[in-house]
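Heads up, the next two complexes both have chain A, just with different partners, chain B and then chain C.
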Partner chain A sequence: MKTKYMNPYLAGVLLGLVLLSAFYFTGRGLGASGAVKSMVVTAVETVAPEHTADSGFYSKYAGDGKNPMKSWLVFEVLGVLVGGFLSGALAGRLKLKVEHHPNITSKKRLILAGIGGILFGYGSQLGRGCTSGSALTGMAVLSLAGFVTMMAIFGTAFALAYFFRRNWI
Partner chain B sequence: MIEEIIVSGRMNPEIDPYLHVWGWEIPFYLFIGGLVAGILFFSALYTIRGKENEYPSAVKIAPMFTPILLGLGLSALLLDLSHKLYFWQLYTNIRWESPMSWGAWTLMIIYPLTIVWSALWVKDVFPKWNWRYQWLEETIETIRQYKRQMAWILMVLSIILGMYTGILLSAFNARPFWNTAILGPLFLTSGLSAGAALIMLLSKTTKEKHLFARIDLMLIGTELFLIIHLFMGLLAGTQVHIEAAKLFLGGEFTNSFWIFVVFGGLIFPATLEILELRKIKIPHYISAILVLFGSLALRFIVVDAGQASRWLY
Partner chain C sequence: MGPLIPQEIIAEGWNFFIAFVVGVGFGFVLEQAGFSSSRKLAGVFYGYDTVVLKVFFTAAVTGMLGLLYFSLFDWIDLNLVWVNPTFLWSAIIGGIIMGAGFIIGGYCPGTSVCALSIGKIDAMVFFGGIFIGIFLFGEFYEIIKPLYMAEYLGNIKLSDVLGVSQGTLAFFVILVALGMFYVAEIAEKKFPRKEY
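And now, the complex of A and B:
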C-alpha cells in the first residue's frame, strides 16, 4: 500500500515559513532538544533537588522559583505533537508501529534509535543546540555557528554512514 | 525581640495578596460534580425518549460509575473541611440564598438516586446477575415501572447539580474573577461535555459514538461562546474585573488557560471529532480524554485564578 507523504521540497519550504512565523509571533526560533532538556531538568529537580542546585548545568535552569517547563520550547514541542497527530490522521497513517527496513528487526531498530537519540541529545547540549535550534534557526538568522552546526551534523553523518549502514538497511 | 505593629488584617499570612485556601480538593470535586451531572442528564434524556437499547452506554453503563464518582468527589470535599465532623449541620436548615445549601441538599437527594438508578440497569448490563434476596429483586422491579418519572426527576436534579458547581464560585463576591453569572452555565456546559466524552469512551457502537461526538461538538461550541462572553463581561466591568480578566490576557494564567483548556480541551478535540465524523480514522478515545482533561483543567484554573483575583490594589 502506498502511503501519502508530502513532497519533501514543498515540506521544506513550509517548514521555513513555520520558522518565519515563529519569529513573527513569538520572537523566538524553533527548537526541539531544549524541550527535552526542560523535561530532564524538571525530572532531576523532582528526584534530587540538592544535586540540581549544586550542578552548574542544572542550576542555570531550575531553582529560585524558575520553572523549566514554562518555556516556549516546551509549548512548541506540544504543538509539534498535535500537528504531527493531525497530519498523520489526515494522511491515514495513524497507527502505532515501528518503521524499519525488512532486513533488520523492530527490536534492533528501537535499541539503535535509542542509543542514537541519547548520543544526539548529549551532543546537542555540548554544541548548544540541535538540528532545529542551532542549525535551522541559526542559519535563518545568518549565525556562523548555525552553518558550522549544520555542516558538522550532516557532514559527520554523510562521512560515517557507510560504516553503519548495515544497522538500518 | 522584634516589635511589630499590626496595621491591618491583610498583613496576616495567606490573606493578601493571594488568598490560597482551596487546594486540589475543590476543583476536583467541581469536576466530578459536573461529570456526574452530565452522565445523569444524558442517561435520563435517552430514557425519557425510550432509547435505552439504542444507546446502552449512555443510559445503562455510564450511570453505574456515578455513585463511585460522587463518592470520590464528596470524599475530596470532606477532606477540605476544617471541621469534618460538623458537616451534618448543613442539613439542619435550608437556606435558599446559599449555594452551599442548594448543593448539600441536591447531593443529599441525588446520591441515593444514582445508586437506585444504577441498580435498575444491573440486570441489563450483567445478564447473569443475581440479587440474592427476593425482596430486593421485587423492589427493583417495582421501581423499574416508574423509571420514566424517575428520569424526569434526575434530569432536573442533574441540571441543578451542574449549574451549582459554577454558582458556588460565582456567589463569592469577594473574588472578582468568580463574580460573574457566566460561571454557572459555563460549568454546566463543561460538565455535560465531560459526561458526553465519558459516554463516548464507554460506547461500543459507531452510532452511539457519533451521536455523542455531535452532541459534544455542540457543547464545545457553546462553551467557546460562553468563554468569550465571560471575558467580554469582565472587560466591560469595573477596574477590578478588568484586572481579573488580565490574569488570562497576558497574566499568569494566560498560557495554561488558552493552551490547555481552550486549545487542548476544546478546539483540538473538536477538530478531531469533526474529522472522525467525516470518516477519517482517529481513535475516538483521544478526543474524549482530551475533553475530560480540559474540563478538569478548567476547574483547576478557574479556582486558582479566582483566589488570585482581588478587590484591593
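And now, the complex of A and C:
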C-alpha cells in the first residue's frame, strides 16, 4: 500500500523518543486530557468561584492562588496543536472538513464525535488519564494502572467494534 | 543525571518552554503517522489499518527500553520518575468508558487535538465533548468518588505484581508487541482498504 504517511514503526520510535525526552527533563511522561481538565476548572472557577471551592474535585486544582492554566500539560497540548499544524501544512493536509464514512452523514458523524468525546472525557477522569497519560506513559514506566487501562481501552473498543461497524466500514 | 527539572539541574522556569517543545514533537509525530484521521485510527478495530497498534506499541516499547537503559547508564534516576498510582476499579471502568468513546467518536484526546489542528471539524466537536465529559465528572464527583478511590494498590509496577525483574517484563512486552505486529501485518493484507 502506497502511503502519504510516515512508516508507523519509525513514527513509533520517534514518539517513544519524545516520551523519553519528557521523562528525562521532567520525570513525567506525556498527557492530553489533563489540559482539558485545566480548561474545565478554569471555566467553572470563572463562572462560579464559590462552587469550585465547595467541590471536592475542582478545589484540588483551583483557589488559594492556584492557576490551573499554568500547568505542564496545558503548554504541552498547545505544542501538540502547533506541531500537528506544522506537519499538516508541510504535508498539504490543512483542510476544514468533517471526515466520515460514506455510509453516514456529516451530521451523524458530528453527533457520534460529540458522544465519543463526552465518554472519553468522563472516562479519562475516572481512569486518571487518557491514552497518552495513563496507557502510553504508564506502560513505559511499567505501571500496573498503565497496562490495565490500556487493555480496558483497546479491549472495549474491539468488543464494541461490531456494533458500530456501519460507521466505519 | 536526569530527570533534570525535579533535581533542579535546569531551572523550574524552563518547565513550560520544555513542555511546549515536547508537545510540538508529540503533535508533529502524531500527524505524520496519520493520527489526524479518525478513519485511520478506527481501522485498527476492523483490521484494515493498524497504524494505531504499531505506533502505540513501538512508542511504549521505545520509552520503556529507553528508561531502563538510561537507568542502567545512570543517566536517569528511576526513583524520581513518576509511576501513576493504581486504583484498580477506576482504571478498569474508566478504561472501558474510554474504549466506548474511542469506537464511537474515533479519536482519543491527544489525537483529537492533532486532528483539529489541521481542520477536522469532527475533532473539534470531539474536543468539545471531552470538555463536557470532564465537567460532568466534576459536577457528579461525590457520587462516583467511592468507585474512584476504590482498591488503591499504590504506585505499583506490573513487574512487582508478577514478581519478575523490570528487564524480564520488558522482554515479554517486546515479544507480545512483535506478535501483535505480525498479526497486524496479516490483517492489513486480508482487509485491504484505500488509505484515508
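What we mean here is this: the second predicted complex is superposed on the first by the 164 of 169 C-alpha atoms of A that agree within 3 Å, B and C clash if a C-alpha of one lies under 4 Å from a C-alpha of the other, contacts with A are read in each partner's own complex, and residues count from 1 in each chain.
Here is the rule we go by: a contact is a pair of C-beta atoms (placed from the backbone, for glycine too) under 8 Å apart; a residue touches a chain by one contact, two chains touch by 3 or more.
Note that this is a predicted model, so its numbers are computed, not measured.
Residue contacts after overlaying the shared chain place A:21 against chain C, while chain B stays out of touching range.
When the two structures are aligned on the shared chain, A:9 is found in touch with chain C, with no touch to chain B. Contacts of A:117 after superposition on the shared chain: chain C is touched, whereas chain B is not.
Set side by side, chain B and chain C differ in how many residues of chain A they touch, and the one touching more is C.
Judged by the touch definition given at the top, the superposed model places A:75 against both chain B and chain C. Of the two partner chains placed around the shared chain by superposition, chain C is the only one that A:29 touches, whereas chain B remains out of contact. When the two structures are aligned on the shared chain, A:94 is found in touch with chain B and with chain C.
Contact with chain C, but none with chain B, is seen for A:58 once the two complexes are overlaid on the shared chain.
Common to the chain B-facing and chain C-facing surfaces of chain A are residues 70, 75, 78, 82, 85-86, 94. Interface residues of chain A, counted against chain B in their complex, comprise 70, 75, 78, 82, 85-86, 89-90, 92, 94. Contacts from chain B toward chain A in the complex involve residues 255, 259, 264, 268, 271-272, 275, 280-283, 286. Those residues of chain A that touch chain C in the shared complex are 1-6, 8-9, 11-33, 36-37, 39-41, 43-44, 55-58, 70, 72-88, 91, 93-101, 109-110, 112-161, 164-165, 168-169.
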